[in-house]
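Both complexes shown next keep subunit A, but they swap its partner, so subunit B is in the first and subunit C is in the second.
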Partner chain A sequence: MTVEIPVEKWPGQVREITLGATADEGGTRSHTVTVGGETTLPFLHFEGEIPHPPVVGIEIASRRPDDWSPLLLETWSDVVDDPAAWAKAAEEAGADILLLTLSLEDSVDDATSAVRQVLEACDLPLIVFGPGQADKDNELIVPVAEEGAGERLVLGVCEEKNYRTIVAAALAHDHLVNSRTPMDVNLAKQLIILIHDMGLPLEQILMDPTTGALGYGIEYGYSVMERLRLAALQGDSMTQQPMLVTPGEEAWKAKEAKVGDDVPAEWGDWGERAINWETLTATSLIQSGADLVVLRHPETVQRVQKTIDALMAEAGEPELVAA
Partner chain B sequence: MRFEPTDKAVEVRAGSLIGEAAHEAGIDLNMPCGGQGRCGRCAVIIEDGTVRRRSSLRLSDEDIAKGYALACQTVIEGDAVVMVPPQEKIERRLTTDKTAAEVTVPFDYDPLRDQPLRAVYLEIEPPSLADQTDDWSRLQRALRREHNIDGVETDLPMLRRLGSILREADWRVTAVLEMDAYHRPDGPPRLVDVVPGNRTERLYGVAIDIGTTSNVVYLVDLLSGRVEVQRVDYNAQIARGEDVISRIIYAGKNDGLGELQSLVLKTLSKLLERVAKRARIETTDIYKATVSGNSTMLHLFLAVPPESIRLTPYITTVNQSPAVMAGELGLDINPNATVDCLPGVASYVGADITAGVVSSGMADTEKLTLFMDIGTNGETVLGTRDWLIACACSAGPAFEGAGVEHGMRATLGAIEEVWIHSDTFEPTYRVIGEREPKGICGSGLLSLLAELFVTGILDKSGDLQLDLDTPRIREGEHGDEYVVVWADETDTGGLASKHDIVITEVDIDNLLRAKAAIYAGYTVLAESVGVDPALVEQVLIGGAFGQYINIEKAIQIGLLPDMPWEQFHFLGNTSVRGSYMALLSRNVRQQISEAAGRMTYLELSADNTFYDQFTSALFLPHTDIAQFPSVEEILTNGRTETTEREKVCAA
Partner chain C sequence: MALSGLEIYKLLPRTNCGDCDFPTCLAFAMKLAAKQAELADCPYVTDEAKVELEAASQPPVRLITLSSNGHKVEAGNETVLFRHEKRFFHKCGLFVRVKDTDDLEAVKNVASEVDGFTVDYVGLDLELDGMAVEAASGDPDTFAECVEAVRSATEKPLILIGSDPDVLKAGVASLTAKASGTVPLLYGATPENWESMAALAKKADVPLGVRPGGGLEELAELTEQVKGAGVQNIVLDPAARDFAGTLTRMTQMRRLALKKNFRPLGYPIITFPGEGAEGPEEEVVLASQHIAKYGGFIVLDHFSQASAYPLLVFRENVFTDPQEPIQVEPGLYEINDPTPDSPVMITTNFSITYFSVANEVESAGVPGWLIVADAEGMSVLTAWAAGEFDADRIAKSVNATGVADKIDHQKLVIPGHVAVLSGELEEELPGWDILVGPREAVDLPAFLKLGNE
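Our next item is the complex of A and B:
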């Protein structure tokens, strides 16, 4: 008996977007990273094309992030005080891209010099996020855009209440932006439209639908991402942006990852638990269609990449088809 | 190129616009929209010559046949003579399509067949020592003998008056009878009144609509079926809350319910006295009242506590209330007259909607019809003669001018339409009563919102663009705002206290929420029955506000679905019309009950797709622009090229 696997022919495709620029393209990266292009749901190789595997980024900071878990600070050890050294370490830890988060305490000079040092220290395409306060983000991201001109950085974070300045900076210096909305299909779409209306090509917009960590609303984020991807494949142009999410930041906010003391003994080893938390958050989101996941712990990067490799391995004929 | 009536001639190159030629000739044509073909204010008449209309968005086919063309959109292709009509004439021409439907007798009315009320003249044989029959039996006997009416019933108050009336009238009287009523379709006949002499040449009833904002009374001659007098006034309950929710809350307070009932009765009394006076009758000559209104209004009218309407799961005490006597209720007509409240369907789909569905013809059409009552409660009905489904979404009172900084009702001094120049961002507006403006009414707000959007002052998420070069966009007390009228051009108070008329960010949010709720309600309704919204064949728009809406602008902001304009029909107050028809005919009364029974109610708060649709509609015109192709075209091209209507006009 033959079991036939139903194959869906989707009319839509996720947009292909390239991060970073090589010397030929006006930048200084040794290679670029392209995401998107899927014509099927995640990892359904028998159904459509998945031309690029999901990409793993590592988050680093412009100055020592004292609010991070001590586990992370211990693991990265000395490099957390030096963005250049941290960038190099992250590249060695297996990152495909880097996310540099600026600090509220950064001056414009601090920010531009951090970006410059990171670009010089490593070869990876770079994402730069402001500290997350509208005025400060705008103050720092505009000069960063100028400093990184030609590098096709991803600038962020664009949110409904604050996107114009960042988008204008991206337009002026040919960068990309990250469009972040709070876990809602329509809102995600609306911000893409607004950013695109300013004149930024869709090939320069990443979609960040936001998510929650495992145990903290991941189901909600997962289903929003799944719906966005279904809409993209059904041909809804404004949802066809590759999705970038930050499970590292989310997972390390969860009590299970953050806290080592005064927790039940059954929770087991703190370090192992924290890495598991981040890994499971990230791999779940990859299953829901994430194209870029940004992580914090180097061990997680290894595990998530292993999962991606396994999922990307062409299985040949699905095993279910038997004579 | 010659202009009449001033007889100015200029030479221009072929391919110039009439507007450009006029400017050259020193003729001042109004172009409040900035020459975008949107406002229709620069209409001229082509008397002779060859022109090509690039766009005629504002002109009907009939206008074009008469030679009308928009100066800003019409290209001169050869010698031409153009008539520039006086501005007032254009104003009038543009407003003609907005007049309310005239009240006509809705069907071939035959009182004997349709009307349960009857007035009959009786010459009763007086009693004598030989004929000892009592008065009541004597009257019954006369009815039976002279009019073949049997089994008439009466009540104690009537009997108490009967003896003296009969004797004073010398046994010649007119009996007013209610042969049957909706709640007792097979009779028996009820004696409503006995009056001296022959008064059969007149018989009156009233149709009443109790709106949250306005109350309407039609005085109807039940013999001819004609509406003799109609009057409207604001519901005095407004002083105790603008919308139904605040009235329900007020009703829950210490004797709030009694106060609200007496306020509406007072309003109705005033209206009833006015219609009676006009028709030279007494209010006691009115023998029947049919009442429609939303469920809350009818609860308050009957002083039935409305509390549970507001609280989940949103249940009324009664959707179809029994008939009551006017005297018992305190309604200022004949105390023995029946007051018949029409049936509703649910807390937020009341008798006003069932009455509207029947009076608009929706309940009797094979066409897939969408009925919308655009008001605070945003009721929407979808269906045909075979099925009906309804929902209501709390759109809020924004489109009625309430809850908006400088909003007002559509009365004298209200800005009712706005155009904005797309280069200078300067507005032009029309004010009801052609005077200095006091505020902006619902249609003005709608029109303002659409103009702000198509001129780029608002982005798609409804944010004002502060970086545009105009002093009219500024940061105000309540966030960003756009100044529609500078203080010194307004009628907003004494010289010292005049203020600018503005629309604020908060107002815009309220309006967006209102339009999103109405559109989302409609979308969910269509989805819930698996009907493709594109298949809707006609859209009937009711509600007092409905008759003033500019369809084009309502589509631009995504309030109404993007359909050809001829599919929209504005019906004005369909609720009072339904009440009027039910007053005339027991058949219509029956149809309204049947429509209420046939109507499925979809409670949106129990529908998990509503919020999603609402968020999607909370964008200009909509997150899914594919649902608004005509708006997408305007945004892309700056104006609509109506090639279909593009005709060469050579007079």
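Our next item is the complex of A and C:
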């Protein structure tokens, strides 16, 4: 019997975007990282090209993040007090890129010095996010953009409220931004348009559609990303940005990951549950189109990278199982 | 996939003879499409057209039901590739496998653990669906004994796995002898054994899993053979095990069923993530892929609470109807018997948000009043961004609940994510102090305990 496999002819393609800059390109990174370029849905190798595997980032902080789960603080141990040491440890843990989150308590000097230390301590391309409050983000990210001039950083958090300032800083010093919108296809597209209208090339805009953790709204993030990716492949230019999401931050907010005491016995072993929570949040978002996921626990990084390898490995006929 | 009136019309004789009591073939076709007429009313329709029309009236993925003792697992009847297009309808069944070469006591223990595992998620009791028993020994008596041991520990549906029809027969017999109405899944028919497997499945009237030696062509041939032997209820093995292979195959199978209405592959899919993964940590990840991407019955090789809980939650999330956010009733909720001096908190009516907050207050052991505002079923941040959880809406909710009459203070705790509303709220709610609570529910107990000191 002949079976004709349905293959979609997608007219669109996700844009290729490169993070970081080497010495030749005006930066100090040992290598750059490129994401995007897909001409089909995630990992459907029989249908199109997936030139770059999704990339795994590790989040570090400019100062000890006391609101993080004790499990994370114990795992990273002493390095959480020292951004440079933490950056090195994260690089050794296998990160492809780093996300440095600045703190509400940081002064401008604290922020620029943390960025400088991290750039000196590791070779990876770097994302720098402010603490996530528009005014404070503006205050810190503008000088950070200057400090990191030439490095092709990703600057954030770049939202509807403050995108003008962040994008201006990216324009002035040739950086990228993350265009973050709250889990909505139209809002995601609209902010890309607004940012692009300011003159920032599309090759410097990552789309950050936001996500929820497993059990806390992941299905919204998952479906919004599937819809954005379908729109991109169908040729809607302003949705063709590679997608960046932060499943680490989201998953570790969930009680299931964050705490070990006073929880139902049927939740099982805390450590294993927490890693599963972060891993499943990340891998299911990768399946729905994420090009770049930022995680927090080194064990999750290993598991997610192994999953990506397994999904990228098979480019031909599926492996057969003898009957 | 249902045909349109015009598509049906093309299959009719198009003679407008009127013997069906409709004036034209087109009118008859329209009535057929609306299911207001029977094809049998046309005496001249060809056998070919009959087959095509009957096939078209079948769901693209056949519904398969396993049952026993009042428990039921259904897979199939799916109509879309992406959940946002409509929804995924039947939650895939999650099973845990034991082998008849394992120690019987150990088998019973696993079965009891799986059977007893219930975990609360947003007010729902999540459970695994049953057990799979594999005939690894090759001996009918040993297999029957193992099936009975599992059955003694759980009444949930079973999947019986083996390649020797005589051995499986012993398992089926031991099951069906005990309880009528027990429908296990038999797995599986291969190109070598399909005739006797199909005979066994037909006689016992149970669904049959089929497992080809090669690709989708072989699988389609095998299902047609099994169907030809009188077995209607079929479950498909994609015959790939790894991440990329199962994703590819299962996507192709779902597309063929939905977009091409390809009957030989219009059945639910069974997967064995443990066979494609290195160890239990990876099995969970692969199982979650199969939940999202078209698995119907998923057979796990490991059970642990810390893996089963996230998998069950993920299944719940993926199979939620995207058109209907899960909501709770807006209003005033009393937690831990609050008194007039207990704190008053407000949140939105998105059920995950409500349960996160309510569970934290409850487990903190602090009595409190929780106002649930009608925010169109959105979470705090989303509702705020959408203008469904602004100062005006919050003030109206506070006033509507009449909470002021039940308390002797005027303090309202708002979620940290909407701290910016404080000033506006103090204007909207004159006399009230607005306190900014934590951003995340998980930090509520510490916040509330601090307030008590």
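By our rule, the second predicted complex is superposed on the first by the 316 of 323 C-alpha atoms of A that agree within 3 Å, B and C clash if a C-alpha of one lies under 4 Å from a C-alpha of the other, contacts with A are read in each partner's own complex, and residues count from 1 in each chain.
One rule holds for everything that comes next: a contact is a pair of C-beta atoms (placed from the backbone, for glycine too) under 8 Å apart; a residue touches a chain by one contact, two chains touch by 3 or more.
Computed from a predicted structure; not experimentally measured.
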item: Combined model on subunit A where subunit B meets subunit C, clash or fit; value: fit
item: Partner touching more residues of subunit A, whether subunit B or subunit C; value: C
item: Which superposed partner A:K88 touches (first subunit B, second subunit C, both, neither); value: neither
item: Partner chain in contact with A:K253 - subunit B first, subunit C second, else both or neither; value: second
item: Touched partner set for A:K136, first subunit B, second subunit C, both or neither; value: neither
item: First (subunit B), second (subunit C), both or neither touched by A:L194; value: first
item: Subunit B versus subunit C as contact partner of A:S223, first or second or both or neither; value: second
item: Partner chain(s) touched by A:N186 [first = subunit B, second = subunit C, both, neither]; value: first
item: Minimal inter-chain CA distance - subunit C and subunit B, angstrom; value: 7
item: Residues on subunit A engaged by subunit C in the complex (per definition of touch); value: 1-6, 43-46, 67, 182-183, 212, 214-219, 222-223, 226-227, 230, 253-256, 258-259, 262, 264-270, 272-273, 275-277, 279-280, 283-284, 287-288, 303, 306-307, 310-315, 317-323
item: Subunit A-touching residues of subunit B, taken from the complex the two chains share; value: 459-461, 612, 615-616, 618-619, 623-625
item: Residue ranges of subunit C touching subunit A (in the complex, touch as defined); value: 82-84, 117-121, 163, 190-192, 211-217, 220-221, 224, 238-249, 251-252, 255-256, 259-260, 262, 264-265, 275, 281-282, 284-285, 288-289, 292-293, 304-311, 313-314, 317-318, 320, 322, 350, 352, 356, 359-360, 363, 379, 381-382, 385, 440-443
item: Subunit B partner contacts - residues on subunit A that touch it in the complex; value: 160, 184-187, 189-190, 193-194, 197, 236, 238
